[in-house]
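When the chains are written out, they are named A, B, C, D and E in that same order, and each has its own residue count from 1.
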């Protein structure tokens, strides 16, 4: 347990850096590998901008909570058989709780500066992220059906025969929608975006901004690890050792999520809300029914 | 600390561009220039780049923007006469050198260090307010309820001047908006957009500006898919489709005080971006002429 | 067990914590003028109720599943209370621009 | 270890429950309540109910998020920029709350509580599932219908368009005879007391 | 019981780390013009904190009622295979009932901006 936690904490910084590199690919500004580090260092040397009458405590804590949720979410992912940081029999529910709390944290981040654009971003995000979370829970329940357990370890073991990606082809794409919402990017980046001048982080500067971006990258890592575990068989794989497989799959999902974030355009929020409830949610029902029929003996 | 400093030496310089007359197209050329990064808010920026001539009437707005950059901060005037006595001047096609030089300097505030309203020591708790809603706690009054135009819940109205240098609005356009939540309930034009060169009306840059608001790059293949993100039957979809196909759009929008109320912020920003800059300027000038 | 000063997790200690939550919730529900704050008090009381139910389930019921089911039902009650309560607040506010319990009593014409 | 965690979490639950009614900012109050719920959820995990405990956390996270939205929407001075007191009958409430606490504690201490702890090999979630799909199936389906009724009720109450027109315009039903008086009770006139509650 | 100790330790770790990170930068000069909210040179008349008109409030009410069903679904998933077709039918019915609520909400325009 402690060993698994140490591995996670060791693996997280390079993975966060990899997430930043993925974000930089295709922006045409060069310095792929060193760019994120340099920009991060420059941010750390700038001051934090205060605002008029902010909620100081929550403003200071929001990036920390976001990072904490990423870490806790990551901690339910087994690195190898039996090697998991928090070995909870209801790991999937804990991951769901992390998703739900992320909405709260992003809202707090936008609320605390007492400024218009962060506030707009925070409220817009809540509208979209709440139903998006619902999607992911249905999809994860679909992953738990063949395992007959809510433990993430059992979900992996149930994929020895066939990956959940094959059992429920709709699962990963729907789960990715949630990933985009959790990591505030692309079509689900309702907390930020150019039409809000950065949204919840429009008033942040210096280390506060750096901490928020770091937590966002850590959340991408956590989400990708979870997606790789729930749908791509986690540590399962031939020849290579388990943790390495998990690492490779995590990197693949990270890349796919970043690409999806770039590919799809962001809709006006009311349109996205209808899409989520009327199209994507029924799709997740259908997905669940599909798995249900498949796994019945 | 010295490790951080040496690492930070090669970092990109974050630049906030305050765009004046004729500055839109030149600033677009900076987007992919290595060593610089255009950011959407002065909080993220190191350097304030004033691109194109800015009205003297907007000098105060520019000084406010300047004050919102975290220190150390600097100004670069690119093809623009100075409105206050600070910063570097750049005249050529490439302000990178001037920006680099400016990024070594620091400038003090232009605005006096005064709260928007006096408040300290006022009121029973010294926070500037009386009762639940009165006074000016921490220097500003609280929002008060007002009628709503959509669902009839009379909640608070937020009144503010947006612009003239907001990155999601056409440069120079200053709007006096009343918002309830994220829906605009009343709008007035305080200043029309700046005139931009003819190249700003070309389909390519127009499509790119609109797609950037939707969070994607300007590649045509993606742009097609982006059409689906806009509400069907809205003029926005038709205009973006025309731009993506390489056709010019010569529609003039309705006067903004009539057209903006009832739209949410995202919809309003997209709607404004779906008109060519010159047509938008014409729509804002017409009522003034009449 | 010395770090906790002799306090152990027993049914009695769990129930005392639950009683404290219920007491605070009751104070909140009775003392708040605003309808939404009153709902916060109710929620806190239900919070104490959940804790008491889980405590009983763990120590006295021998793990009978009905105990857990009861906790879920309490949570469902909370959700229903919130949804209907807020809908009422919206309806009343639309009519009266008021959110205080005192203004609500005026509604009885 | 378990006892120490229990002590810390209980203190957190009670303290943040108390803070709910002591902070000025409505957002802080909602999330303070959320902290109390999280602490109780974690205590439930300590009590060998890992499902109920963690599920409390995620259910309450979204409920408190919605709570915060509505608190900000309908409370004056939602951020507490002006210090305020929203309390009435404070003494009565404090005494009642204290009495309730004392009474419950006395009841707990005086009664003979049966001791029949959860067997360590129990599978809490599986048992719950069997119960849901077996003996308590009716409760489960009734809950579905109740939730549906809640949804419809909430939508009807909160939507602007009433059944017979906009709710703030009276939503008057048509007459039973053509052109006759509206059916049902007539809504009272005189909404829109604008300023009567600003002067606290 | 250690299964929640580790997440709690991670939470403390993360919050402490992010806190420390934000203490790294130099102190900012907190003048009033510097602290004013960013509006592109414009100024707001009031504080941004207000009785915020969240335009999607009916959706949130529908949401909390609907979300309750997740509480029943997790235990259902665990015993699904051993219960078989009956479980499928029961959950289908349950979801069907709740979907009626969503359809009703859709018809009433709950997912639009109010």
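Operating definition for what follows: a residue touches a chain if its C-beta (ideal position, glycine included) is under 8 Å from a C-beta of that chain, and two chains touch if they have at least 3 such contacts.
As the structure is a prediction and not an experimental result, all values here were calculated from the model.
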{"item": "Joint neighbours of chain E and chain A, given as chain labels", "value": "B, D"}
{"item": "Shared interface partners, meaning chains that touch chain B and chain D", "value": "A, C, E"}
{"item": "Innermost chain, where centres are averages of C-alpha coordinates", "value": "E"}
{"item": "Pair of chains joined by the greatest number of C-beta pairs in contact", "value": "C-D"}
{"item": "Chain located farthest away, centre of chain E as origin (C-alpha)", "value": "B"}
{"item": "For chain A paired with chain B, centre-to-centre distance based on mean C-alpha positions, whole Å", "value": "30"}
{"item": "Centre-of-Cα separation between chain E and chain B, whole angstrom", "value": "29"}
{"item": "Averaged-CA centre spacing for the pair chain C and chain B, given as whole angstrom", "value": "46"}
{"item": "Residues of chain E engaged with two or more neighbouring chains", "value": "2-4, 28-29, 32, 34, 36, 38-40, 44, 47-55, 57, 60-68, 70-72, 74, 77-80, 102, 105, 113-114"}
{"item": "Residues of chain D touching at least two other chains", "value": "2, 45-46, 50-51, 55, 58-59, 62-63, 66, 69-70, 73-76, 79, 81, 125, 128, 130, 132, 143, 147, 150-151, 154-156, 158, 160, 167-168, 192, 194"}
{"item": "Shared-contact residues (touching 2 or more other chains) in chain B", "value": "41, 43, 68, 70-71, 137-140, 142, 145, 151-155, 158, 160, 166-167, 181-182, 264"}
{"item": "Pairs of chains satisfying the touch condition", "value": "A-B, A-D, A-E, B-C, B-D, B-E, C-D, C-E, D-E"}
{"item": "Of all residues in chain E, those that touch chain B in their complex", "value": "28-29, 31-34, 36, 38-55, 113-114"}
{"item": "List of chain C residues in touch with chain B within their complex", "value": "90, 93-94, 97"}
{"item": "Contact footprint of chain A on chain B as seen in their complex", "value": "4-5, 7-12, 32, 34, 37, 39-41, 43-44, 46, 68, 70-71, 137-140, 158, 160, 166-168, 179, 181-182, 211-217, 222, 225-226, 228-231, 264-267, 269-270"}
{"item": "Residue ranges of chain E touching chain C (in the complex, touch as defined)", "value": "57, 60-62, 64-65, 67-68, 71-72"}
{"item": "Interface residues, chain B side, partner chain E - complex", "value": "18, 41-43, 58, 60-65, 67-68, 70-71, 109, 111-116, 137-145, 148, 150-151, 153, 155-156, 158-167, 169, 174, 180-183, 264"}
